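Chain lettering (A, B, C and D) follows the sequence in which the chains are written, and residue indices restart at 1 in each chain.
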Amino acid sequence: MTNHLLNLAVIGCGRIGHIHAENLAARIPQARVAALADVVEDRTVQLAARFRIPKISRDYREILADPAIDAVAICSSTDMHSQIIQDAAAAGKHIFCEKPIDYDIGRIHASLAAVKRAGVKLQIGFNRRFDPSFARVRELVASGAVGRPHIIRITSRDPSPPPLDYIRVSGGIFLDMTIHDFDMVRFLSGSEAEEIYAVGDALVDPAISEAGDVDTAVVTIRLQNGVLATIDNSRKAVYGYDQRIEVFGSKGSASAGNRTPDAHLLLDAAGTRGPSPLNFFLERYAEAYVIEMRAFVEAVLKNQAPPVSGKDGLQPVLMGLAATRSLKENRPVKLSELS
Amino acid sequence: MTNHLLNLAVIGCGRIGHIHAENLAARIPQARVAALADVVEDRTVQLAARFRIPKISRDYREILADPAIDAVAICSSTDMHSQIIQDAAAAGKHIFCEKPIDYDIGRIHASLAAVKRAGVKLQIGFNRRFDPSFARVRELVASGAVGRPHIIRITSRDPSPPPLDYIRVSGGIFLDMTIHDFDMVRFLSGSEAEEIYAVGDALVDPAISEAGDVDTAVVTIRLQNGVLATIDNSRKAVYGYDQRIEVFGSKGSASAGNRTPDAHLLLDAAGTRGPSPLNFFLERYAEAYVIEMRAFVEAVLKNQAPPVSGKDGLQPVLMGLAATRSLKENRPVKLSELS
Amino acid sequence: MTNHLLNLAVIGCGRIGHIHAENLAARIPQARVAALADVVEDRTVQLAARFRIPKISRDYREILADPAIDAVAICSSTDMHSQIIQDAAAAGKHIFCEKPIDYDIGRIHASLAAVKRAGVKLQIGFNRRFDPSFARVRELVASGAVGRPHIIRITSRDPSPPPLDYIRVSGGIFLDMTIHDFDMVRFLSGSEAEEIYAVGDALVDPAISEAGDVDTAVVTIRLQNGVLATIDNSRKAVYGYDQRIEVFGSKGSASAGNRTPDAHLLLDAAGTRGPSPLNFFLERYAEAYVIEMRAFVEAVLKNQAPPVSGKDGLQPVLMGLAATRSLKENRPVKLSELS
Amino acid sequence: MTNHLLNLAVIGCGRIGHIHAENLAARIPQARVAALADVVEDRTVQLAARFRIPKISRDYREILADPAIDAVAICSSTDMHSQIIQDAAAAGKHIFCEKPIDYDIGRIHASLAAVKRAGVKLQIGFNRRFDPSFARVRELVASGAVGRPHIIRITSRDPSPPPLDYIRVSGGIFLDMTIHDFDMVRFLSGSEAEEIYAVGDALVDPAISEAGDVDTAVVTIRLQNGVLATIDNSRKAVYGYDQRIEVFGSKGSASAGNRTPDAHLLLDAAGTRGPSPLNFFLERYAEAYVIEMRAFVEAVLKNQAPPVSGKDGLQPVLMGLAATRSLKENRPVKLSELS
């Protein structure tokens, strides 16, 4: 690391690892991708060739041993996050880690403790905070433009459910999908959840119910600062990826709608037609992934606190656990019950 | 009543009575306003002069005794609704009655029984069903355009709270304000509520809390057909009257946004600006009031069932009572607990 | 006429006369429709019955002789406007007259001279000035919100062409249809046309060409204050009545789009769909007709200058004649060439 | 060049050359940037370092001599385009050249002749054709969705005028700025201009008039297929880069509006506010530049005709010359007068 150039390794080069590697290599001039690690060698070989990345490995420990590497982006499967964080911290590397840190609160605490001990920086990959529309709403709230917030509304719907095999190990909709919305509620409100009530059902596909999960949910959150938040989720919006937020307060309402691939409009005898929302999270959040990673690189280079902290990694998991319990017991659950 | 002309009396000529009288006199050619009744004589005198209405009275019973009158529009204060319905039914008049019939379930049942006994028609004034945007969404749902409904979202916010004196006798936010949204959930879903969970707080004005009510609320409803509905309410949206609905289902999403007084747009160095939502329910629902009353007049003239029935008057009150109990006890309340 | 109540007669009770009569009778409390005149008796009989209008006649001169009548709304066919204006002025009646006064400049001047001689008020029916969206844009321009205006854009398209018989006597598209847009250019810019260039063709229907007219046109206007204006017209927009304006200037752009019958949105697998523009000028300008007539009534009652003057009736006809000549000779034509 | 990898050199590494080099290096996997040329060495050195480009030169001829290079992207100043095209063609390189080829018709013809002789491919950089919104409108027109086109409307306004020094040598607004809109009219209509009428003035800055140019213009074009097109231009839209198009035809209207940096909305007591249009052509057309260059790379690799031909480079210049003459002589000018 010089004052102005950060050497990173990307650990895990699946879909999201590929995106972070490409963004670091091509869109963030202050970053240099010095190494790639993945147990599937094909992934690293091709990526390294295209962006002339000098080092690849099937074992991330080999990468961590390289003193030329300043920081790592952990993009492995979730069950490896906690271990790699602890190893990377021990090796003195700064860490960007995809969300969630883990579904187990104990392992999250172990990871955060390791990071603290090592004195390295940690940023969690809650990419939506960096979406220009959502960031703008947060800025408006922070600037006082909506006054004191009273209500937060989030609509968050996927274009189609993941495979059943994935659902079975996903931790359930609240830890897998709503977790982003829980983070958004915290981000927008600047407050912590006090009590959560969740209802849900398998309306999209009964097989999801057999897999022990729901695919449609409505969650109510009472926050410590008095804000009432409501989230609606579906695993299947046939018209695309539907991501909308609103913060309503004493002085007004700030909201952000969906983005579309183009801005056309067709008026004919049948009515008015326009584009669908962007269909996929990688399209909708393409910019957000670049801005997020740029923020991490800058935080390390300037020795500042990263914009998404370890606590930001912990709290949404607690909220997910509370929602899961609320759904099961059909009653509001206090966050304080979990500790 | 001839085949094509209905003689109506308007009972109660305050704000909403005035509107119905004007619509009947000037915008519904099949109707004739034959009489006005109000204990405040000023109200009837002026209105009668302007639209050349031949008969006024301070006592609605005098009106009911007139055999030339076919139907009445009851626009008195809520505490009189039940009595006037029963008197009008006994007099053989068809009845349009403003919502709610009553806050007391017993008196509602007594009213409905009187109507049934008399064999007259009864339509309850849930005007929002006749709003062209909301009606269009209902049509789309009924036509199958959104497939099987999964989620209903309603945002319903008033521009400013009513006086505290009114709040004290209003029955609480769920019976006074959310009642419209409860009706909308039934209208849009074509199903009945099974269980309701409500959270709320006095975030707008602590005096509302002292008056025993809340001014901000989020309500979750589980319907018998599986739909999950969420309503957010505020007594004070500084930017105007905010009335939005969405029905999301297996094939898509149908929604309706706010209307504005004009369609201008100003782009300057400070950004893009447009009109606020219409500020007042009388403006937003001006068309709805005309269409609603035309539907009543036609139902009577054609001897058809009115589009909003006595049961439609009862169910939202039950939902409001369930929400009120849920808020008090902080738990989901089944509608079946109320009977 | 008292200080607060104006007695009007409507002369000509076809489509537009009917609208003005209904608005005066039911929506403008300061007005009283005292008489109706039309050579077709059926029109006046029904209208008079519905709104209890005391006097009808087949001869407008009979109406003009009635001293109880303060003002007239002239809604006859265009070829009668000039004569009725002169007769009404001679009878001392204030005059609202539908546009255009006449297609003949000489007869317009004779009408304006008669009005001036008699000292009565005259308002010309350029209803679009009273459309809330267009009026808002004019307000923004007048307030300086767009700075010095540079460009005015108008799109003005009808849902379908009038009958060929009408087209043959209409005076041509520029005098029949674009005349409203010429008025709008003057209204928005606060300036007069200096030079006009028009192109046009019969792209909708070749029979319109055989009838000596065009159905599609683009008109460029250079105004005395330097503004460049462009208007596009079509006789047939299959998606509805398309009426849009924009004023672009040194500080920004103010525009007004179309209105729709509702505010629904449907998202499904096929895309996003919304309502068409209102399909008919009577729907789009329903509010404008009320506001326009209210303005006339108030101008007379308060003894103020009506908001649309005789000169406002003359200038767009001159612009239409210049455009007609420009189309024929395929060259820019100065307004000064016409005098 | 292999079947799947194209070696390109970028000649001229100023603003637009930089963008093309970055897109080729990082966003188009089938391309390899093999060399950079610019008389200003700093530009090539930094760019080469960042993307590890193996060869740089101050003399483009050196690059053309390299047999490993398959194609060039000419991004030099306009006055060099024609010479470099002829040299590159002689060297057997495929050519992407920024618009315009030249302002001199003779030099354009010489360039096109050289390309034809050499049998290399040539694509002209009319980037807007690749904007997803504009491309979508063209697709809708081509698919028949609007029927037979009748009217094309283009609004094209820059956020601020270029320096006066640039304006003096720019060839005038019609060759420098409107040229893009002329291309768009051809692209959207699939037809050629027959006659053009232009009005214009220096309303933004009188110094532009002293420099012999106008900054505000309205252009009317009559196309060979009967379409009437109208373009309005301004050098200064304070609210951002304003780029809108509409094709209106017998079956409907297809249009494309501006894009914004985000999708937020703020409603407060002062009204409704949203984001400004993207402020700069590099932001608005960022995607278009990538898609355009990808199309060139694919055309060469697949031995297909590039989507923007040499003729597409010539015609808008002719239209610009016709508009320039029309402005000077204040009369419609036929394209046929220019040959």
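Observations, loosely collected:
Heads up, the rule we're going with is that a residue touches a chain if its C-beta (ideal position, glycine included) is under 8 Å from a C-beta of that chain, and two chains touch if they have at least 3 such contacts.
Keep in mind that what you see is a predicted model, and the values were worked out from it rather than measured.
Think of it this way: of A-B, A-C or B-D, only one pair shares over half of the C-D contact pairs by residue number, and it is A-B.
The chain with its C-alpha centre at the largest distance from the centre of subunit B is D. Averaging Cα coordinates per chain places subunit A and subunit C 57 Å apart.
For the pair subunit A and subunit D, the distance between C-alpha centroids works out to 39 Å. Separation between the centroids of subunit A and subunit B, computed from CA atoms only, is 42 Å.
Multi-chain contact residues of subunit D (touching two or more other chains) are listed as 237-239, 242, 251-253, 267-269, 275.
Across the complex, subunit A is touched by residues 22, 25-27, 29, 50, 52, 132-133, 135-137, 140, 145-146, 251-259, 261-269, 275 of subunit D. Taken together, the subunit B residues at the contact with subunit D in this complex read 237-240, 242, 267-269, 271-277. Across the complex, subunit D meets subunit C through its residues 148, 150-151, 153, 155, 157, 197, 199-201, 203-204, 216-218, 220, 222, 226, 228-230, 232, 234, 236-239, 242, 248, 250-253, 330-332.
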